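Accompanying notes for the structure given below.
Chain nomenclature is as follows: A, B, C and D, assigned in order of appearance, with residue numbering initiated at 1 for each chain independently.
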Amino acid sequence: MKKTAWFSVFLVSIVGLFLICPSSYAAGTIKVGIVDTYTGPATAYTQDVLDGFKLAVEKINAKGGVLGKKIEYTTRDEKFKPDIGLSMAKELILKEKVDVLMGTINSGTALAVSDLAKKEQIPFFVTYAKSEKIIGEKGHRYVFNMNENTEMAGRAAAVALAKKPYIKYWIAGDDYEYGHAIADAIMNNLKRLNPKVQKIGESWWKLGEPDFTPYITQMLAAKPDFIIIATGGSGMVNFQKAAKATGLSQNIPFYQHTGNELGTLMPQGKDAPEGVYGTANYLFYFPESPANKAFVDEFKTAYKRYPKASALVGYMTAQFIAEGFKKAGKVDKEAFIKALEGMTLPSPVGPLAIRACDHQLELPTYFGVTKRDPKYVFLVSGDNQIVPPKNYMPTCEEVLKLRKK
Amino acid sequence: MVTKGRIGAYAGIIFLLALPLFFPRFYVYIASLILLYGLLATSLNFVLGFGGIYQFHHCVFYGAGAYGAALMLTKTGFSPWVGFIVGPLVAALLSLILGLICIRLSKLYFGMLQISLGSLVWAVIYRWYSLTGGDDGIHGISVPDMIASANGAYYFALIVTGLSFFIIFKILKSPFGSVLQGIRDNPIRSEMIGVNVKRHQLAALVISGFFAGVAGVLFVVVDTTVFPDMLFWTLSMEVMIMCLLGGWFTFMGPILGAALIVLLRTFISTYTVYWALFLGIVLMIIIFFLPNGVLGYFQEKFRPKKLVKG
Amino acid sequence: MLQVKSLTKTFGGFKAVNGANLDVKKGEIIAVIGPNGAGKTTLFNLITGILKPDSGQVFFKNEDITGLPPYIVCKKRISRSFQVVNVFQRRTVFENVQVSVLARENKTWNLFTPSKKLVIEETNRILESVGLIDKGDDISAALSHGDRKVLEIAMALGGNPEFLILDEPTAGMAAEETDRCIDLIKQLSEKMGLTILFCEHDMELVFSISDRIMVMVRGSTIIQGSCEEVRCNEAVQDAYLGGSDVCLM
Amino acid sequence: MDFIYTFLSPGVLSQIFVGLSRTVILFIVASGLSLILGVLRIPNVFHGSLYMIGAFMAYTICSVVGGDAGFWLALIGAPIGVGLVSLATERGLFQYLYEREHIMLILFTFAISLVFGDLVKIVWGAEYKSVPVPQVFQGFVPLFGGLPFPRYNMFLLFMGPVVAIALWFLVNKTKIGKISQAAAVDREMVGAVGINVSWVFATVFVIGCFLAGLGGALVAPTVSVTLGMDHSLIIEAFLIVIMGGLGNIWGALLGALIFGLTQSLGILIWPQFGIVFPYLAVIVVLLFRPTGLLKSTW
């Protein structure tokens, strides 16, 4: 029976080690807990959220913080796994006692953490998950979406595409929630805005599909007027590469949400295909406003790279958190939420507001087409047109109707 | 000696029962997680360490149990308690079906066929959006009030895992358990003493699947969500690691392994985002130096008479 | 009691057993001899159902048992030991034999009665009879080679056989262990009335205990007969001694 | 050509060709895995990580050297780099573990893949990387009724047989190949005749890993090089090896063919569930040939 004794000694020492594990925060600060994926392909986006956030927080703290308190944050890597993400969020709330939670690119985690935030009454800022359900069907008082969602992206694209003369559309994308949601959103809204539009076919591939050529040959054979590609993550780049190699980009115009965004174009350098339509919430070279230029310079000095759309999200989230507490006048969650509702802050892309009814940040969308630019070693988005939030965002009534269901 | 062991066991039970009184909520939550992963690992070890079956994709049954219960809870009007029973039954049924297909093969081939079949189940859950919510999963599942709080969930997990451990332990000590361990050591010999090896293995798989399903139900109760990731092969690897880490020829080993993994994950991740790196290194060291796992090592060290060679 | 009729088994073109014939009467001790690779172990595997024959038949007590799976063959009260030690090495000696007894008594589907309360007397009786009773609590992997071979026989006895097949029971044993083993085999035959079929390289042992001998060469039965008949048979001399006129032994 | 078209439409034909170029990558990676499994009996889970490292190394070499020369250099340099990494792991860790249970080795290699996953992030960072297609292979050729077929894929189709023949030569015609074949069957015997088995194993391990690196370097120009690209590949490679017969290089080829073709043709049959066809193929194969299509060395 000695083994029982050893077993308990061992267990106790492990538990002990765990109990003395120190808090990640100093006392007397505003604590922000970040749960996000910092492993795998998603990291290309989440790192920018974090760096943008860091940039703003450092600036705020340098000015003395908020209400005399510094903003402190800590990160947890959930590895794109909702169960781990959820247990980390619980750790942050229950053990670290964070005031605010933010994070995650994974919609599954975002929804799970959102549900937890609702129960624990902790404000939760969703930074890069794009599920429409976050503020729609599963929305509640404590969740804020600092990023567009699939419905918004789809509507914005539909608004821009409806002006084009194409009739026969082909739909293709990553066979998972994000891909289908964005494709459905575009198609439904496109049909609403231009009743002549028809879908002549669709193809779906598994997430992380490395070779798109078979799908592209299938599309080429069908000869549609226009193709909507609903991919995310590394699929964006992979598809553009395949589109170039097979000559698809010269034959049939196609659209990819975030296809004109830095995250997609920069890795490909000069080899990215020209003439790809895309929408993005942020382009570091457009609009050429002083505010945008200042942000880009700041970001570039700090991290030696250009900011992506996710950097803007992180940057603005930090500012909203700081301003929210400032306006509330105390570190009180209910007052904080009240303060944020309807708050408008200046940003690199102009004034941004958090809508009071559904806690959605009202972001502009830029519709453009990829082209070469001698100033950069990668392609940029040209012929940019701004789709302002009021032209495409679902109305409060529409969103609240989803919540009732 | 026996009485000392008894006292230790009673002390352990009292500690577990009193845990929510002394520890903050987070630790109660972690304790519940350890219990449920411990059950999952033990259910795997029932066939892996005691049955010698290379069940590579055990989490399929864990996920099936969780989804079974979650769907009963959210899509039907039955009492939640019915859902909690249906979950494990679904897992056991799935285990029977997969077992019937795979049982003809042995060792690595069994494991790989199981991974393919499991991946199919995963793909179905991942794709069947209207039923399962696709990759977003199902969230905010409401469980009965009695077990909805952290402490309630903990006690529920404690009672259920305690009962499950007791049953699994009983089975291992029964003639069936003896035969199963015989099959692990030597299937041909087992046939030759009159044991229908495949049929016993199949029964073991079903029992194991059932308890994996129970663990799945506990996850639903503790975390009130389900995700397709619960059926992904990497989680199965982690559970296998729990078994080997603790000691796969021991009963308590997998529970210890589960505790180690859950604690290490929580503990290291508060320090660094590179927790997988450290976890990997710790695992490598343990596998390298303690081939029989932590508990297996202690057992060897302190009972030299029964040392198992080669 | 056991008849084997022109049994054949081919492994990818190689005829391991090619028309083997064997006839064993109740209470006999029969030895199978032959050079390495003659197909003795394959023959045993075919009889006990571990392998399925390509053609030919096996009758046990006038019942066709050809190609039945081992666990059913075992239920017909045929038991065997293996050439390479084949015990449950992570279990104790006692448990090894106990499982065998439990399997015979069809108690393997009992999920909730603790095994330690079942068939203890029977198991101890068998351990006693083979002389392993003192080592009952040892992990079988820690036993000496000779003891493990004996444990094999004990496990075979657990099935309460009428017919016992032993595959090289003394292989690798030290001299005194071999003697003990020979005594054991004689005892099994005399006291328990078992019919025993065994193969062995140790000719002394073969001629000292067997009633009749079957000689296999390249998968075929050359002769089956009494010790005397076999000893001076020409074909056997061919196979073993390269055709000299000297009788074996 | 027209004769063929009566049986197979141009679309199907081009789908088959595309499936074949995918097959080449799968074959190269899986054959390395199979080699290691067959000779060393190590189910090498971090084979996928090596494939990823190969792709990242190819990126580094391409961006340092630049141009077409960079690509060709990467094609040689990246696999060699991966080979060196694997040599270090073999000499440092695996040579002590050959006698362990398979399941232990699987978990050990899984642990290494966790470590490598994070190390790659530390070394190369999180950004997507891209390796440009060399000038010679840019663009496409119209094939089968004018449907485009990328030139780079043509190059891949050429590389497949080259690697297969080289492997055949290595295994059957060289001394090290013959020794390793013998060692796969009976390790002790080879040791008994005075050959240093340990170094034979190290060599085979490095060759197997070299192939993983080569696969990574070859695939790099067609995809974005990202963290986590090892995940889906490793399961596919294992299934291919199992389907073909453990340790059998031709089995790996056959398995890769089945896997690649069911994947690309499955899309034509049932686009929504194209993902399940390769898995179904594995299940069907294992149900009828439980130890794989060709003879396993196990």
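Criterion: a residue touches a chain if its C-beta (ideal position, glycine included) is under 8 Å from a C-beta of that chain, and two chains touch if they have at least 3 such contacts.
No experiment lies behind these values; they were computed from the predicted model shown.
Farthest from subunit B, judged by the mean position of CA atoms in each chain, is C. Overall, the chain located most centrally, as judged by its C-alpha mean against the mean of all protein C-alpha atoms, is B.
Between A-D and B-D, more C-beta contact pairs are found at A-D. Subunit C has its Cα centroid 72 Å from the Cα centroid of subunit A.
A straight line joining the Cα centres of subunit A and subunit D is 34 Å long. The distance from the centre of subunit C to the centre of subunit D, each centre being the mean of the chain's C-alpha atoms, comes to 48 Å. One simple way to say how far apart two chains are is to compare their mean CA positions; for subunit B and subunit D this gives 33 Å.
Looking at subunit A, residues 38-39, 175 sit in touch with two or more other chains. For subunit B, the set of residues that touch two or more other chains comprises 127, 274, 276.
The part of subunit C that touches subunit B in the complex is made up of residues 48-50, 69-71, 74-75, 79-80, 82, 86-92, 95-96, 98-100, 102-104, 107-116, 118, 138-139, 141-142, 155-156, 158-159. Residues of subunit B that touch subunit A in their complex: 1-2, 4-5, 8-9, 11-12, 24-27, 29-30, 33, 126-127, 129, 134-137, 139-140, 219, 223-225, 227, 229-230, 235, 252, 256, 259-260, 263, 265-267, 269-270, 273-276, 294-295, 298-299, 302-303.
On subunit B, the positions that touch subunit D within their shared complex are 48, 54, 101, 104-105, 107-109, 112-113, 115-117, 119-120, 123, 127, 233-234, 237, 240-241, 244, 274, 276-277, 279-281, 283-284, 287-288, 291. Those residues of subunit A that touch subunit B in the complex are listed here as 1-8, 10-11, 14-15, 17-19, 21, 24, 38-39, 74-77, 79, 81-84, 86-88, 90-91, 94-95, 107-108, 111-112, 114-115, 118, 131, 133, 138, 175-177, 180. Interface residues of subunit A facing subunit D in the complex, by the touch rule stated above, are 38-41, 43-44, 46-47, 175, 202-206, 208, 210-211, 213-218, 220-221, 233-234, 236-238, 241-242, 245-248, 263, 266-271, 305.
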